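Each of the next two complexes has chain A plus one other chain: chain B in the first, chain C in the second.
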Partner chain A sequence: MVHIKRLQEDNADIISIIGEIDASSSIELDLTIAKSLGEGFKKIIVDCSAMEYISSAGLGVFMSYIEEMKDKNVPLVLFGMKEKVANTFSILGLADLLHICNTKQEAKQLADELSV
Partner chain B sequence: MLKSKAIIRLSFLGSIIAWLVLVFSDITVLYSEMKGLPPGVPLWLPRLMLAVFILCLFYYYRYSVDRDEGLNFTDLLWKVFATGLIATVVSLVFRLGASLLGTTKLASNILFTDFIYQINLALFISFLIAAYTSWKRLILYQKSKWLIRTWAVFVVCLFIVLIYDSLQIAIPEPLTTIILVVIGLLVFILSANMRWVAYLNFKQKWTCLLLLLLSFFYLGYFIYTVSKLSESINAQSPSFSGFNSHIFNLCLLSFVIVYSVFSFLVILFNLPTSSVFEQKLEEVVNFQRISQSIQTEQNEESVYNILLESSVSSVFADAAWLEIQSATDGHKLFTFKITERESKDIRDYLRSHNIKGALDQSSDRTKNLSRHLASVKGSRFRSLVAFPITVKGETIGTLALLKELPEGFNKEMTRIVSTFANQAGISIENFRLMEEAFQTERYKEELKIAKTVQKSLLPTSLESAPDFEISAFAESADEVGGDYYDTLRINDHQVALIIADVSGKGTTAAFHMSQMKGIFHSLAQQELDPKEFMDRANRALMFCLERGSFISATYFVVDSVTKIIRYSRAGHCPVLYFKAREGTTGYLKDKGTALGMVRSKDYCKLVETNEINYAPGDIMVLYTDGITEAKNQRSEEFDYTRLEAALKEVTDKTAEEIEKHIIQRLYEFSGTSEINDDYTSMTIKFK
Partner chain C sequence: MSYQYNIGCSLSNLKGIREFVRNILKDQHVPEIEMSAIVLALDEMCSNLMIHAHHCNPDHLLELHIDIPEHGKFIFEIIDDGSVFDINEFHEPELDNLIHQKRKGGLGIRLVKAIMDNVEYLKRGNKNVCRLTKQLNIGS
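On to the complex of A and B.
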């Protein structure tokens, strides 16, 4: 079960994930990111502070957008991950590929820097 | 079966013999009486023989008619009629013969008359007993305990009368009267059992009436013939006991006549209402057809057709149409005696005049729309009712019935059709559910195949070397996962090991796993550096994996000469390593991104080769995330710490024992033997 919310702040689309992302709920995450990109946001920030768990399918969703975002020059920044979730990212070697910050402030700042 | 056939033959033979004896003795008695001689045979013989004849016939019909389950009501009446016909024809032939003889001496001879009388009597009695047996079946149709008892009493009474008749026992007058009254009462009570009439349809009723009417004719003919003959004999020989003096025969005759008359009248008065009964029966049959159509028919279309047909025939509609609106198949129209154009005109008219609830599919109530039809130009119809067809609370179509008469549908009719429409909705719902179940079944079957494929991809035997031993374990949940492990000997001193986890589940996971196996077997033989192995594997998988899929893996090359393990981790769970010399355990958390995550040449920067020296007693535990993420009832994870702890407990054991211990700890932790993920592990113990 997952709940995904979107909030716009300073030209950035902030996607909040509440709950667990497993194989079935990853589809919802996929749709949300696709929508956000489709609406032409230049900065996408993902709030992971309420994310309890992410499965490999959920990670696959993030990975599948990396190339597209690089081409469109849209930075994707994640922040506020719980230790367990962060561990999942790091084991799969995603920590080096994605931009991961601790706080929302840092995330916004990083997104601004990257989008320039 | 053979027994009853034997009884039929035996009783028939018995009756013929009895009759021959009867004729012979009766003529002898009569002759001796005429001549005033003492009779050569006992006087009671003819009477006794008559009783024997009757009993034999009774058994004959009992076994030939009563036991035949295949006979229906009209068949029974037909049997009576046929017996009567044969009897009458035979009697008429003798009458013709007698009239041909004219007024010769023979014709007026009393003995000849007696002979003719006996023939007629035998025919008459056999006809009566045939009728009696058939009536019995009709009366005892839908029997009750009480009815069976009454019938038994009736039979006993008849038997008593028969004995009385044949033995001429002197019974006091009042008792005879009582018995006769009882028999009379029983005849009337039994004759009230006419339930079978209700089951006849209109045509059968007419047939029955005709058959009964003809039977009356035979009865009348025989009564006339027999009484006439017995009178003429009686005139010459006063002591001759005629038909009238035989009480049993009279009882039997009155029973047959009373029941026939009752049946005739009941059938006659039931004629006008039989169409209603038939229609009710047809409704039931139609209803059954709709509900069973799913089992017998193969598609929804036939359900619609049956619904249309049944509704039209139940309410005598002049025309009808069935409009089905479905998201998948689009718009469908089934018509009955109405052109699509006509139906379209009516629908368009109703729509254009904004008549709500007519064929409006959102309407959940059936409405009588007749008053609107009068204003539709060029339409021959004056009555219209429409019914929604709902499946799972959603209206999928409309059934419209039309009549040329104004106010053509009554409440009863609308009630029936709405029941039909509901049942059709249920049938279609069932049909769809069945279809769904079928799909699920197919999906399950597919999974089963995928699981077999996946199992067959795992190695049946693992490499071994003098300085290490390997043990592996794999158990998967119902869903197919994509865990893979394998070993391959590169050369005499190097062995390659791999453990991998394909993202996703099901058939695709099994498919990707087979690709991984292919890659491992082709690349490992080339003696590549582990990092190079990963880079090439990534390049190979780049175009095979669909978007969002990836494979995490760790690849090892164990060199038994240098005692070095060279490995590369690509996003897979860190290896648990036990160093025997220091007695410590730890996870090898090196850098590395899963295969398929980055689909470019940059990938080589994201993986690296690491080295570790091994010594005897060292243990390496490879596993997939199913193990660390296994949850207990409080949804805590097994996690790295518990895995490490489990290994520490058994570091001095063999690879196989260590593995068993870890799995046992895992099951203890999860508290159930049912697993919800794949458990895969490979344990290597160095010697």
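On to the complex of A and C.
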């Protein structure tokens, strides 16, 4: 099961994923990102430090927004992934398609650079 | 050693599947990264079957069997009586196409094939058996 929280810092919407994202809970991630975009945020940062698990359903949600965010010039940056979760992204080669940082500070900096 | 878990085809049961597999692999001293990958592959296979072969009908059952014939060798079997969903015949889409078409599916099969050593399908009586095998080098 998953809890998703949102808070705003320096004009960025920070989405925190707490728990596990699978085929049953990925819809919550999808709705949260859609809401953030719908509210007009120009930078979206995803805190993955409390994410324990993600399956392809959750990865597919991130993938499905890549193009829309590019068109809208809204950077999506993920940070703080545990090694076991990062491994799932790297098996699929998604680390090259998504922006992934170690710390929140790095993620905010990268989002600033990308949104210029 | 062998273990069995019967699951109704509801996506809310995926968490229970992950816990079942995780606990067994933990007892076998499988390192966390390998354990997470195997748990993921079984979650993907079961959710594929639940969605595509059983349309998430919770009255339909999957049987998950785990057999450990020798230390470090794992045989996972998912047994059901729905239509066969053979991932070996499914052409996985390119990542670029997934992004372009904004599709949210198709990644799971890629993950399963990358994680498991072998994925095969058998018939046992009226049942379909999807057998996944994985050999790990783990200390005793």
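The rule is short, and it goes like this: the second predicted complex is superposed on the first by the 116 of 116 C-alpha atoms of A that agree within 3 Å, B and C clash if a C-alpha of one lies under 4 Å from a C-alpha of the other, contacts with A are read in each partner's own complex, and residues count from 1 in each chain.
Convention: a contact is a pair of C-beta atoms (placed from the backbone, for glycine too) under 8 Å apart; a residue touches a chain by one contact, two chains touch by 3 or more.
Treat the numbers as computed from the prediction; the structure is a model and nothing was measured.
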Query raised in the report: Should A:S56 be classified as contacting the first partner (chain B), the second (chain C), both, or neither?
Result: both
Query raised in the report: Is A:N11 in contact with chain B, with chain C, with both, or with neither (first, second, both, neither)?
Result: neither
Requested in this report: Decide which partner touches more residues of chain A, taking chain B and chain C as the two options.
Outcome: C
Query raised in the report: Looking at the overlay, what does A:E67 touch: chain B (first), chain C (second), both, or neither?
Result: both
Requested in this report: State whether A:A23 touches chain B only (first), chain C only (second), both chains, or neither.
Outcome: both
Requested in this report: Would you sort A:E83 into first (chain B), second (chain C), both or neither based on which partner it touches?
Outcome: second
Query raised in the report: So, A:I91: does it touch chain B (first), chain C (second), both, or neither?
Result: both
Requested in this report: Answer with first, second, both or neither: which of chain B and chain C does A:T103 touch in the superposed model?
Outcome: neither
**Report entry** Touching both chain B and chain C, residues of chain A
**Finding:** 23, 26, 30, 56-57, 59-61, 63-64, 66-67, 91-94, 97
Report task. Spell out the part of chain B that touches chain A in their complex, as residue ranges. Result -> 501, 503-505, 547-550, 552, 570-574, 589, 591-594, 597-600, 606-607, 625
**Report entry** chain B contact footprint on chain A (complex, rising order)
**Finding:** 23, 26, 30, 56-57, 59-61, 63-64, 66-67, 91-94, 96-97
Report task. Provide the residue numbers of chain C that touch chain A in the complex, in ascending order. Result -> 11-12, 14-15, 18, 32-33, 36-37, 39-40, 43-44, 47, 50-51, 95, 98-100, 102-108, 110-111, 114-115
**Report entry** Complex interface listing, chain A residues touching chain C
**Finding:** 1, 20, 22-24, 26, 30, 53, 55-57, 59-61, 63-64, 66-68, 83-85, 87-88, 91-94, 97
